[in-house]
Structures are given as structure tokens and as C-alpha cells.
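Everything on this sheet refers to the single structure shown next.
As written, the chain order gives the labels A, B, C and D, with residue 1 at the start of each chain.
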Amino acid sequence: MIAVSGALPKALAELNACSHDEFVAALANIFEHSPWIAEQAARSRPFAGIAELFAAMKAAVDRAPAELRMALINAHPDLASKTQRAAGLTAESNAEQNSVGLDRLSDAEYEAFERVNTAYRSKFNFPYIVCVRRHSKDSILRDFARRLPNDLATETQTSIDEICRIAALRLDQSVIGGDRLAVSGRLSTHVLDTNSGKPAAGVAIELVELAELGVSRVVARTTTNADGRTDAPLIGGRPVPIGRYELTFGVGEYFAARGVPLADPPFLDRITLRFAVSEPEGHLHVPLLVTPWSYATYRGS
Amino acid sequence: MIAVSGALPKALAELNACSHDEFVAALANIFEHSPWIAEQAARSRPFAGIAELFAAMKAAVDRAPAELRMALINAHPDLASKTQRAAGLTAESNAEQNSVGLDRLSDAEYEAFERVNTAYRSKFNFPYIVCVRRHSKDSILRDFARRLPNDLATETQTSIDEICRIAALRLDQSVIGGDRLAVSGRLSTHVLDTNSGKPAAGVAIELVELAELGVSRVVARTTTNADGRTDAPLIGGRPVPIGRYELTFGVGEYFAARGVPLADPPFLDRITLRFAVSEPEGHLHVPLLVTPWSYATYRGS
Amino acid sequence: MIAVSGALPKALAELNACSHDEFVAALANIFEHSPWIAEQAARSRPFAGIAELFAAMKAAVDRAPAELRMALINAHPDLASKTQRAAGLTAESNAEQNSVGLDRLSDAEYEAFERVNTAYRSKFNFPYIVCVRRHSKDSILRDFARRLPNDLATETQTSIDEICRIAALRLDQSVIGGDRLAVSGRLSTHVLDTNSGKPAAGVAIELVELAELGVSRVVARTTTNADGRTDAPLIGGRPVPIGRYELTFGVGEYFAARGVPLADPPFLDRITLRFAVSEPEGHLHVPLLVTPWSYATYRGS
Amino acid sequence: MIAVSGALPKALAELNACSHDEFVAALANIFEHSPWIAEQAARSRPFAGIAELFAAMKAAVDRAPAELRMALINAHPDLASKTQRAAGLTAESNAEQNSVGLDRLSDAEYEAFERVNTAYRSKFNFPYIVCVRRHSKDSILRDFARRLPNDLATETQTSIDEICRIAALRLDQSVIGGDRLAVSGRLSTHVLDTNSGKPAAGVAIELVELAELGVSRVVARTTTNADGRTDAPLIGGRPVPIGRYELTFGVGEYFAARGVPLADPPFLDRITLRFAVSEPEGHLHVPLLVTPWSYATYRGS
């Protein structure tokens, strides 16, 4: 569970039962600095589930006049802007930007993001908005490159779509009770020792999110259990960020510990699988079938 | 063919027929600064093949008194010593040390080699000798760590053995005609596209020798031919240095060029296989079987 | 759920609450023709679970005097005996023998079983007993060949062990409520299309139990679902009989239906995997990774 | 080398130098009962190679008037006709038909071929001709089903094409010296033990040509050598007949002999790969990568 802000998640039943003002206060920042959306949604209470609540908020955005929609867009901060970070973001924006590492950019990355923001803002006159929890730093920069050639109407709608994705993730983390929104994905692995025909237990695993310009980040570090799997998914309960990854398996140590005869140095030691994620809400399974002399992987499900 | 020195390879027939002095001059540095070995071998002419010639030289070493064998050991330079390089090595030693990158060490590597040499020389009172063409920088440092605890008798014999390996490689490169000594290995690959059931042609391949302390070196950069193989082995006609390697295949570009539907970004783009070489004179085949969603490799032959 | 006999499964609560005679009547044939075991177990009522009930029955067997244990052994019918089948077996024995196909033997098989029974009975003077639900016809014949050289004491104990296995399976099917005994295994598969990187849906699958002497039997015939799996395990809710199997996948039709270019005739059409089961209570997963030009399988879990 | 008939292969040089009559006598039956083709080709002597000789014979066919071409077609026997076999075929026709097993048909197959011949002859008024060395019995029956709906012009040309294929194979076997015609294919395998990372030596291999209606035929029975390959290709020096095959590998015995721990019975014992051949002149490599718990195969080259 991602702690979106300091506030505890609210129960849906409570939101259905509380006063109008309490409801608005609780959901004021689901859409950045835009409590009017919560206000309109409040009138449709009670909600049978979180999906219904989200639909009511999205409907408020969809039927808002163009000026109000543009105000919603402009209520968002620039990505990775040091000035704006210093001046203060909402707790939600801050947590989101940190989740993708925008608070720990290399100089080259920082400059790349500055270029993105400036180029985008000077063309469209509003900030570049993307649901950062669905992305790695690299894929944000690629997304920007794809969107910059668009016309104003397309980018206005794309911005609203991304804002709704941000809101759906915030809502999913802020309200509990009943259903969940389909905003999370899962990345998992397992290791099968085809030398012994058994799941490989005790294999050290490391998942790194690769970055072209900056420092790659270790996302997960774990060890396979008796079933050759990891106790928790490598990434779960949140979108799997679009991006490139490297998954490393310490098979040399594993086979050595089992007394399997190996070459010196062992033919296979730390096996790395490099792959990309393109569907943040999908279930991606990347297993390893391994002997001391061979291995295979595939996109499973 | 490795150019060991400026001299052209001699034909065995010529060596059999020339004067004693010419014979000795031609083979004076097969054993470093030790023409007495060529002198003794000269008396056994003619030789039916290079293996017989090498056996005669090795016999001269084996029957030499202990002092002469120790002088042979002491005729060798320290590995990677800047002072000795400045003072001048034989052309053969220079080429050999350069082949493994000892002339382009990082500071950390340079210090590691200095430590090796000093520790070894202070214990045994002669230089640490290893046949560098059979090694990567990393494996030399590991070899040293394994040998340092040995006693004097063991290391004296090990040094002679390594000197004979060096000599065999020099001889194999210096003399032509008839047989070759079994001093070369081979590292090869091929790429099979199991999506189309055909060899994958036009796949960009890069082979890197990994270094723990210093800079990894690109050993080969090539492209697969119509048969999914490389026109020449990745390493051939010489020992395959003991060490760790990374082989990279540009499969994303390959499938994109063939119009195969891919995710965005593609699930597999640049596939890297990491493996170690432990038998420099062996034939190691590391193929890739690949679809856009899966791959496998194994140690073939 | 296997219908062991015509009787409906009893609830454990009911067995705990009913009269002594009703209890004994319900469980009289859990051990073949030996109601004295149910009678002794009845005194330990109530039972917290089925495992506890089984333990009480097994304890009655374990503490019985040798003569009574031998009577228990002799209460069992010969395997596949036409005479005894004509004379009438318990409903339980009949269902068990039919489950492994002992009512549909080829002439060669019938003769083989006759030889087994006669040889065994003339050596030990009691019938050969084996828990047939854990076996195929072939593995029963192999089990006999392994056991025939044993001495009397060993075979007496082995017979009691097999009788307890038979009883555990009968009890697991006859009583419901609370726990299950660990007497069932599972055989499953799934098909991954590594050409498209997705589960292969709609692949026809057939599982055949192979027989050396007689007719092989189709055990399951099904089609993969959207997840590339079968809706139910190929074998589940019962032991997976020890034996050899052939699993066939109609991949030619699958790829043709998807419009994938194939050779004529297709390189791969009906893929068969042959494997053996050795642990009837284990979970055995035998997947297929397939393109039109390659496939792989492994023992998974 | 296939012995097409009792005659020894002739050297091309000899054919270039001998008398016109000797030349015609030597090549009279390259085209069935049609020495006029050899007669015409004789005038173009000398030939630089076998391909040039074949081109001259084919040119004679191509420029022949329609009646002569039809006579050539009608000079061929019906396939698998017992009456015609009794009356006597050319040695060449006899050897060819026997090679595909047409002299050892099951009753069901014999009836199927009778139906083919009768239906074909009644529609086209000439015998169904196919180059049988490129086919299995099953693929001949499929070829017939594909060709029967054709019109007369198409089938006349197809018959001539098949006659030329038959002639090319006869010529390739009858004349030696210089080039070979591209009429042969190759089917090969190798076994890699990915448990030990080495070629699997001593694995028993059997290749069976499958037949739907009749008895499947063992085509090759061999054992892998030290390189995990077979000393000779499974099929080589001739076309690889279009058809379906089963390749069986005795891996259970192989691993047991090496002392590898196995289940009882072993999970994998006799592995069978079923595949089809569609290109008789191609090189088809079907390897097996195997551990006691997994295996993979692919169409290699």
C-alpha cells in the first residue's frame, strides 16, 4: 500500500455518511487543488463502490466548461521543477514525483526535464502533465517527445486524461471499502532449477529500473522461497512503471551451495534478464528456467 | 593470425635447412631472453613438425640444471610494470602484455597488479609469471591469489609450466608448415529466430570482456550472416582468455526491421548473455534462440 | 469427487453424534470386510477432524494381534480375478479395480495379472494387495516384481501399509466436514504461445495413460481456456496414478486458426510429451512453450 | 549413395568420350523408356558438368512436340500397381517405388492407391506421376488429392515437371565427376545434455516415418557419438521425403548410465519429437536439449 499522504485512508461508508463539508475536505486533492470536483460529486451520494465514486468525479470534469478544465490543468505543477518544489507541492504531488525519483535526478536528467517543461509550456502555455506513477524517468522523456508535436486540442484532452489517471490512483489509495479501481499491475518471477526438476529456493534476485541518462535504481532485492517464487511480487499493488528493467539472479551461488559441479569460474554466475514494461496495469511474469549450463526466459502471465 | 612481433613467420622447412646460427637467431626469444634453449634444440634437426620442434625445446628446459631453470624464470619481466616497460621489453612480451590490456590499466587495476608483483616477488624472489594470452585481467588477479599461498617448489614448477605455455604460443605464431600446436580455442555464437523458424540474419552482436576493477573492453562487434552465424568466430586462432564476458544481441532492431508486431517499448530489445570462459583451448558455442517474447541460451559445442 | 460406492458421503458431525451401531455400519468397509476396526474407533468419539478419525482406525490396526492383522489381509480379494469378480466384491473394491481398468484387461494383461497373483499367493499364502488408485496397470505389475523377492515379515507390513492407503482414500471420499486427508495429487498443464507472447487459448489437449501390454486409455480430453490453462486439472481430487503418460497438444490447428504462416505440412502439428508420474500425491505441472518451429517443456510445480 | 539399378555409375568424362550409341545406351532410362531424349542430348557433347548434361536433356523434353511429351508421360507405370509390377518395371522405377515402400503396402494403403490411380487415369487418361523419392506414402496421397481437381493443361505440365525431377535424381546417381545436381537434402539431429553442459554421447536414436493408413517405417536407428551427433545424417545423399516423422531419444537410459539421480519411473525416458518435412531438398536440423526434467527442440539449420 502506497502512503499517498499523511492522511489515513477513509472508509467509503464514512464518506457516504459524513457531512458535505467533511466529504469535500477528504477528497479535495484527489484532483490537484480542485475541490469543486469533490463538491459536485458529493451531490450524488451515496456511492455503491469506489468505481461509482470515481465515475461521479470524472463526470464533473467531463461536463465542466472549457475554462474550468483549463484551470484544472493549470493547477498542476511542472514536473521536477526545483523552484516549485521549494515553494511547496501538495503532499500528493510530492509523493508521486518522489516515487519516480524526480527528487534525485542526475544533472543530465535534470536538464532534460527542464528542456521538456520549457519546450512544452512555451508551445501550449500550460504545464506538461503525465501520471508519473505509470512511468519511469526514461519513459516520461519519451512520452514528452511523442506528445510535443501534437496540436492544442489533442494535448488539452491528453492532459485531462492523465489528470484522471492521477486522480484514480489517488482515490484508490485514499478510500477503502468494497471494490478497487483497476489501476494496479504486477511484476513477478520464479526460478525453476531444471537440473533437479524442482523450484530453486534461496536464489538472490535484484530488480533494477534502468535509466539512460541518470542512475539506475534498485526497485526490489529479495530471495526465492521454497516454491522458487518471491513472497511478494517484485512490483505489486501499484502500476508497473513503463520502462526498461534488469532482473539479476545469483545462480552461481545457488548451484555452488547445492554442491552441483561447476566450471571455475562458473559458466553462469549472475544471470541478467533485460526487458521492458509497456502495460502498467498488466500482469507480467518473467520466469527463469536454469541449469549451470543453460537458461531460458519468456513473458508469462 | 596474431602478429607476435615484427618478424614474419618462418617456414619449418627453412628452419630445418638453415645454418645453426640462423636457427638460433630465429627462435632466440621463443623462450624469453634464453637462446640456449634454441641452441640445444638445433642439434635435433630436422623436425617433422612444429609439435616435434616444441618437444625438443621443452626437453631442453626439462633437463636443464636448477640454476639454469631459475635463470629462465628470472629472465621474465614483471607483469604490467611501468618501469620495466619504459626500460624496454622483448617485442614478444610487449605484444602479449598489450593483448590483455596491461598497457591500459585503470588506476585501481594498476595498484592491484603492483600489489601482486610485490607480494609475489618478496615471497618467492622471482617474478610472477603467467601466460597472459590465456587470461583476462581479472583472471590474472585471481590466478595470483590462488598461487601466492603455494610453496617454493610448487611455484617454481608452475612458473616453468607457464613459460612453456608462453613459448608454445610464440612458436605456433612464428613457425608455419605442417601441424599447429593445440594452443588455440574458439568462441562462437549463432542466432535462431524461432518466430520464423529460420536463422536470424543481420543481428548486431557485441562481445565485451568484463573487468571488475577497470574498464570492460569490446572484444568483437559484428553482425550475423544469412546463416545466423558470424563470418568469423567471435574469438578464434588464439586462446579464449579465461574471464567473464557479456554478449549483446540487438534483437529489437532485428524484429522491427522484419515488421514483427512488438510492444512499445519492445519487451526484448538488447539481450545480454553473461558467461565465463574457463578453458582457453576449448570450443565454446553460446547460441541465442529468440522470439520477441522469449529467449534461451546454452553452452554448446 | 470419486463415487466410491452408492452411499452418500457422511458428515463428520453426524458420525460423531449417531449411535455406535450407526457409526460402525457407516464405516464398516473402510477396511475391507473388517467392521471390528470401526467398532474400536467408535469408542474414541468425538473426532475433531477426519485425520483424527483415520488415526484412530489406524491405531486399531496397529495394536491388533498378528492373527487379526493376517485376517485383515486375507479379507482382501485377488486383483483382477474373474472368479472373484463373478462371486462379488465389496462395492468399494469393485469401484477401485474398475478405476484402474482391471475390468477391461487385454488377454496379455489378464495373463500377466494371473501370474502375479498366483506367484505371490503361493509364496506368501495371502493375496497381493496394493492401493490400485495410486497406480496404472503397468506400475502394479512393476510393483509386484519389486515385492515378490521380499521376505514374509516385510510383505506382511507392506500389505498393512497398502491397506491403510486404501482405507485413507475410502475415508476421504466417504466423510465430509473439516479437513481432508493428504491423499490427492494434481496433474496440470498450460500452453504459452511464445510467438505472440500470450497464453495459447483453444488448444486441444488429450492425456493418455500408456499401457505396455494392453490398450492405452484416454484419461482427459479438453481445450485450453483464455489463460492457456485447462478449467480443471487434467487429474485432480484423487491420486495421480504412478505410470507413463502421453500428453498431446493440437498446435497445428491452433496456429492455423490464428493465421500464422506455416509450412505445408506444418513442421509441428500434434505435439506429444511423454513423461512418467512417480509421486501420486504430488503436484505435477507439465507446461508447453511453443512456436510453429520450436517447443519446450519442463517439470514445473 | 542409392543404388538406382544394377549398373555402376558412369564417369562424365567417359560419357563425353564414348560412341553415340554407348552414350544413349547408358542414359536410355534416365527418362523412362524414352531413349530419344538421350539421343538428342548426345549431339551437345562434351558437357562441362552434370548440370549441363541435365539441362541438355531437359531442353530436349521442352522443345518436343505435344504428342511426344504425352508419349513420355504414358511411358510411366501406375504407382503401386500389382499388375504392372508383375509384368515388370524398369529397374529404376522398381527401385524408386520400393524406396517409398510401395511394395509393402497395407491393405488399406493398397486400396487408397488403387482409388488414386483409377480416379486420376479416368479424368486425365494418363497415369498419375510423382517423383516418389521426394515423398512418403502419406504425402503422395495428399499430393494426389491436391492435383486431381486441376485441369488437363496444368496436370500435363505438372507431370512433365515431376518426370524431370525423377530424371534429375536418376542422373545424379548414375553419373559421377564434377558437380552434383541440387537434388539431395539432409535431416540431422544432435543431443545436448544441459545438465552437464556437454554433448550427450551414447543416446539411442530412432527415426520413424509415420503412416496414417499403414505401418510406420523405421528409417534410421543409431547412437550419438562423442560430439552428441550421429556419424551420418539421419537422412542424407537423397531427398528427405515430404511426410511426418517421429524421432525418439532414449534419454532415460542415457542419464541412468551416467548415474544422474532420477525418479522411479524416470520423469523422461523415451522422448519423442514429431515433426513434418516439407522441403525435400532442404537441410533440416532437429536437435534435442535435455535434462532429466526438461527438454526443448527447434527447427535448426
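Some points to look at:
In the analysis below, a residue touches a chain if its C-beta (ideal position, glycine included) is under 8 Å from a C-beta of that chain, and two chains touch if they have at least 3 such contacts.
The structure displayed is predicted, hence computed values, not measured ones.
For the pair chain B and chain C, the fraction of shared interface numbers is greater than half, so the two copies use mostly the same residues to meet. Distance from chain B peaks, on a Cα-centroid basis, for C. Look at where the CA atoms of chain A average out and do the same for chain C: the two points lie 48 Å apart.
Chain A and chain D have CA centres that are 60 Å apart.
Counting only residues that touch two or more partner chains, chain D has 194, 197, 263, 267, 289, 293-294, 296, 298-299.
By the touch criterion stated above, chain C contacts chain A in their complex at residues 192, 194, 197-199, 227-228, 289, 296, 298-301. Of all residues in chain A, those touching chain B in their complex are 139, 142, 242-244, 263-272, 274-276, 278-279, 293-299.
Residues of chain A that touch chain D in their complex: 194-197, 263, 267, 289, 291-294, 296.
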